[in-house]
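Look at the two complexes coming up: chain A is in both, with chain B in one and chain C in the other.
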Partner chain A sequence: MDRFRRFLVSDHAAGWAFILPSVILIVVFGLIPIVWGLILSFQKAGLISPEREWVGLGNYAKIASDPKARQAALNTITYTLLFVPTSILASLFIAHALNRKIAFVHFYRLAVFIPVVTSTIATGIMFLWLFDKNYGLANWLLGKIGLGPFGFFEDPNQAMIALVLMTVWGWLGFDTIIYLAALQGVPQELIEAASIDGSSRWSTFWRVTWPMLGPATLLLVVWSTISALQLFDEVFFVTHGGPLGRTSVVVFYVYRLAFEQGLGSLSLAGYAAAIAYVLFLVILMLTLAQFWLGRRVVHYSS
Partner chain B sequence: MRRRMLAVLAVFGLLAAACTSGGDESSATGESPSGPVTLTMWHGYTDVEADWFNAAIDQWNSQNPDIQIDPLFVNNDKALQKLTVALQGDEAPDITYQYGSSLPSVATAPGLVDLTDWTQQPDVNWEDFVPGAREAATFDGKVLGIPALIDNLAIVYNKTLFDEAGVEYPNADWTWDDLRAAAKALTDPSKKQFGFSYPMDASEDSVWHYEPLLWQNGGSILNEDDTQAAFNSPEGVEALDVLAGMAVEDKSVFLDLQNSPYTGLFNSGKIGMLETGPWDLASFPDVDYGVEILPGFNGDHQTIAGPDMWTVFDNGDGRAQAAQEFLQWLTAPEQIQQEDLATGHLPIRLSVAQDPAFIDQFAKTIPGVDVFAANLANVEQARPVIEAYPTLISEAMGLAIVSALLGEKDPQAALDEAAAQTNDALALSG
Partner chain C sequence: MSAVTEAPVELVRPDPRSLAGETGMVERPRRRLLPFDPWHLFLLPLAAVMLLPLLWMVVTSLETEAQTFHFPPILWPGTPQFGNYLDVIRDSAFTRWFWNTTVVTVTVVASNLVLCTLAAYAFARIRFLGRAFIYFVILATLMVPLQVVLIPTFLLVKDLGLLDRLGALVVPNLVNVFGIFLLTQFFRTLPIDLEEAARIDGASRLSILLRIVVPLSLPALATLAVIQFLWTWNDFLWPLVTILTNQDAFTLQLGLATFQGSHQTQWHLVAAANLMSMVPMIVLFLLAQRYFVRGIATQGLKG
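For the complex of A and B:
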């Protein structure tokens, strides 16, 4: 009893009390589902029927021989390899352009950030119109300079590129804000010292500014890779995996299996959970590798 | 980016929630409600459909204080997913609207009410429902749904565009080659005008627009006992050749990847002909359109029906019994007449469809809808009522059709590949 009273008045108890609301949310919507998902991945189960059959690692073994899973994995890798460098380089360029004293700079910064707070659905509808093969603005403009028409989302060979362009546009503002903050944290005296030493602006950027941006770049690479591997909303709404499965990424395939195809006696939800778990492990290992690599090359100023 | 994290968490979470599902025992469905009950009913009606539906519910509620209906809008496309989630929480609605193709999946749900006894009551007059709708509501010899809606496909064409191009209007003796020639004549790349349109989202929508051609030409989707794919027969390939030829060689087809801009384009005079159902007619106020039954192969002009249904879940306390009473009222001839006149839905009962006075009035409210009503007589076959069909088989066929229309694969190769996947799927679920 004494011990309990001591706990109640300690800092510990107060701390837990303060974070309790979010702990409950994380446990209910995070931890419990994660454990249940793991159990499900060892079962042959649909989401409608209550029947569950324990199949051990059977679901995991099935992934290797599933051509649609392989296609989804390849699509996801392609998307990530295109999305991460494009969004980081583009946002670095824009952040640099906005990091100076020009008229209306706040307006430009706001304009860059607006796509981030725009709903994915609105972005999707807008790009479907812009990229429409027959009636879209993009093809009309490209036609003026003698290019196209392009099929964009309708062409199996262009849909992935169109998806990358759309998502880069949608998330650019986030990366830009991070870079902008990092750029403003670069000590001005370092830049001045470099220019007094006769360094050109180009080499000042790459020798002084870029290394100082290391922590921000590491954060963005890790963050963008994780979100690229988890791409879902845009695919679900804009392409629904098509045309011909060329934009079917892993999370979308998991959704298809669990919530569209394997609901009843086909019982594919367990298999979908297994794929989700493999994706989780891949993301975990990739993130650890990125941080490990980051520690060796990133320069932390303090 | 948080939204993406949440999406993934939601997937994990819902997958996980599946583990908790409760198989609660259903009580006897015969008992009557002991006191007043309020039934939850999911429907997907919007616009004029919602106006009619809400008025019907109000009428019932005012006349039946003991059985109150509480309607809740649920998008039909997501009704199966939403039901799945509701079942995990033991919160199944008493009545829910479902696509006919979802029935084999819904059939595995705990608490789904077997309506076979209900159909044998004389007041229900089960034989009066349109045959295609009755078949689609029956799974494994049990009636699991009450017909709510039936559609079919016919040709809707823009008379003005036909006149401008000097092409004769479609008639009931047309062949698919006639349609192909007309589509070519109506196509004008400089005006971005197309002769025909095809849904290219590789969903069941891409598939069921092709199936009447397959059937007319003497082909079938699966073999007799639903164990092998049969659509890659010479008849099936020939049927797909027509569509692929139009799309790839003639370039006379608007390939609608989103499966929705076509209505707006038809209404603004950019598309000459659509293979579509009565639900689209209300979207064409600006076009002087005509409706004609599908072209045929060898004089066979059969079409395909898309039936939807009400399914009932037993939540105890005689609620299932009350739900059946209400649905019996909702699907009685008087209510169906009101519904059809208000919404343009096709008559779900033969006694209504064959009433000349009604059909006369029906054709006046929505031009062309009488052709669709009469076209119900051209429904000869149904899609396989097995679980692998709406899921894996439909997906394989949809991808084959889309790749043929995009010119990625020739029809034979595309259908052969889909047939192999279909056979795998049938082996998996068999």
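For the complex of A and C:
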């Protein structure tokens, strides 16, 4: 009894009492699904029906011969290759432009940051209307300079580009905030020193500022790649994978297999879970590779 | 290239009118060709492009249905139709969605503030058995996004009987690992002397946390609150899979998505509903911009 009382007032008991509610919730809603998902990926299972048949690696083998999975993978890669460089280069330039004391700079920053708090659905609604084939403002404005009219989300060849433009609009503020913080961490003395040595603005930027932005760039490359590979909301709401499956990305295909094939026996939840795990593996390996590459290129200053 | 760009800069006389710069900015004295900073020529069009989708929503929300279907577009309605906003509130479940989203968001933010503070304080300050291991395992779950575990998490919530209820949106989000990480990092930067003195005076862990640590951590707590608010208010994927048929449990994002689907030819109403759904988020952003900025900058530390 005495020993028990000593435990109750000990640091061990106090520590566990503080973390216990969080740990229970994280085990239930964080860890259990990870294990459950893995088990599910080895089963032939629907979403609602209780019948589960063990198929081993069958689901994984099936992915290779599924043309729709291949299309989803290709679309996801295309999207990522377009989205990541576009958003990062644009935000670098914008952060550079915003990092100065000029009139209205607070207004300019606000204009760039506001899309950060705009939801994916609100963004989708705005761009569906802006990019409307018949009545959209975009076609009217582009027509003024002799371009178009464009079908945007309704044109199989333009839907992916329109999707990239829309999501870049939504993400620019996030990337710009990170670059702006990094730019403000570059010591002014370094830039002045380079300028006194007769270095031009252009070469000062590439030789002094750009190397110091290394950690921020690495972070944004990793972060944007991860989120690009997980794209879902915009595709579900704006294009629903169309037209002709040209914007059907991996997470959208997973959702479709598990939830849209009817919640009954037609649902391919096991197969969908296998695809989700392959995606996770790809994300994990890409992230590790990017950090490994980054370590060799990026210089961290303390 | 360098031969062209590396012009002999020292020949240009310093311009006394140029402003002293912020740290790290690339600004150098030079002759002015324009009566204003040439960067305005880039920043002003940029701001216009960034604000265009929003401004066009505002214009559309004030037009009549006929005006929205006019090409070339009518850039300003003669008489603004503020009634469109009332029509949305009257004729749809908009207030219901708004209320549901508010309840879910406020509950999730409040619970995260409490649970993350407790856990983070233990991880930062208390030495207990398994601390490092548990902290590592918890942080590792951050690597796995919802998209990957969507199906098993759905099955779990279904087995708990939460489907089609607001509880499905609240319970799995009561605590967020990112919040624990954010606050643990912050608590570790606080000076420990005050806490030690209080401990010697016989104060309990809980009263130290409430009376000393929390008052010193208000900026970090505000950052967590606004970021969590943003995530919960704008979440779409999780409500989409868990609120299946019960329209009474729709959130704003779900409601907007179905509203747009069923009112495809009534853009003036869709625009009004969309703008109203964004108001709380934009107001919060204007009030707490620096906490958002800080929160985004720390999300960077997460990786």
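Brief remarks follow.
The rule is short, and it goes like this: the second predicted complex is superposed on the first by the 274 of 302 C-alpha atoms of A that agree within 3 Å, B and C clash if a C-alpha of one lies under 4 Å from a C-alpha of the other, contacts with A are read in each partner's own complex, and residues count from 1 in each chain.
As a convention for this text, contacts are C-beta pairs under 8 Å (C-beta built on N, C-alpha and C of every residue); 3 or more make two chains touch, one makes a residue touch a chain.
As the structure is a computational prediction, the values presented were derived from the model and not from experiment.
Taken together through their common chain A, the two structures put chain B and chain C in a clash.
In the superposition on chain A, A:Gln188 contacts chain C only, with no contact to chain B.
With both structures placed on the common chain, the touch criterion links A:Val254 to chain B and to chain C.
In the superposition on chain A, A:Gly245 makes contact with chain B only, while chain C stays out of contact range. Judged by the number of chain A residues each one touches, C leads among chain B and chain C.
Applying the stated contact rule after C-alpha superposition, one finds that A:Thr209 touches chain C and leaves chain B untouched.
With both structures placed on the common chain, the touch criterion links A:Gln230 to chain B and to chain C.
Using the contact criterion defined above for the overlaid structures, shared-chain residue A:Pro33 touches chain B and also reaches chain C.
Residue contacts after overlaying the shared chain place A:Glu154 against chain B, while chain C stays out of touching range. Once the two complexes are overlaid on the shared chain, A:Thr78 sits clear of chain B and of chain C alike.
Of the two partner chains placed around the shared chain by superposition, chain C is the only one that A:Ile178 touches, whereas chain B remains out of contact. One listed stretch of chain C collides with chain B once both complexes sit on chain A; from 98-106, 116-124 or 152-160, that stretch is 152-160.
In the superposition on chain A, chain A positions 29-30, 32-34, 36-37, 40, 47-48, 120, 128, 134-135, 174, 223, 230, 232-233, 251, 254-255, 258-259, 263, 269, 272-273, 276 are in contact with chain B in one complex as well as with chain C in the other.
In the complex of the two chains, the chain B residues touching chain A come out as 1, 3-5, 7-9, 11-23, 80-81, 83-84, 87-88, 104-110, 192, 200-203, 254-255, 257-258, 261, 387-388, 391-392, 395, 399, 402-403, 406, 408, 428-429. Every residue of chain A that touches chain B in the complex is listed here, in rising order: 29-30, 32-37, 39-40, 43, 45-52, 120, 128, 132, 134-135, 153-154, 156, 171, 174, 223, 227, 230-233, 239-240, 242-245, 251, 254-255, 258-266, 269, 272-273, 276. Touching chain C in their complex are the following residues of chain A: 11-16, 18-19, 21-23, 25-26, 28-34, 36-37, 40, 47-48, 94, 96-105, 107-108, 110-123, 125-130, 134-137, 140, 169, 172, 174, 177-178, 181, 183-188, 191, 195, 198-205, 209, 216, 219, 222-223, 226, 230, 232-233, 236-237, 251, 254-255, 258-259, 263, 269, 272-273, 276-277, 279-280, 283-284, 287, 291. By the touch rule above, chain C contacts chain A in their complex via residues 2, 5-10, 19-28, 36-37, 39-40, 42-44, 46-47, 50-54, 56-57, 60, 68-73, 115-116, 118-119, 121-123, 126-129, 131, 134, 137-138, 141, 143-145, 147-156, 158, 171-172, 174-175, 177, 180, 205, 230, 233-234, 236-237, 240-241, 244, 253, 256-257, 260, 267, 270-271, 274, 277-278, 281-282, 284-285, 289, 292-293, 296-297, 299-300, 303.
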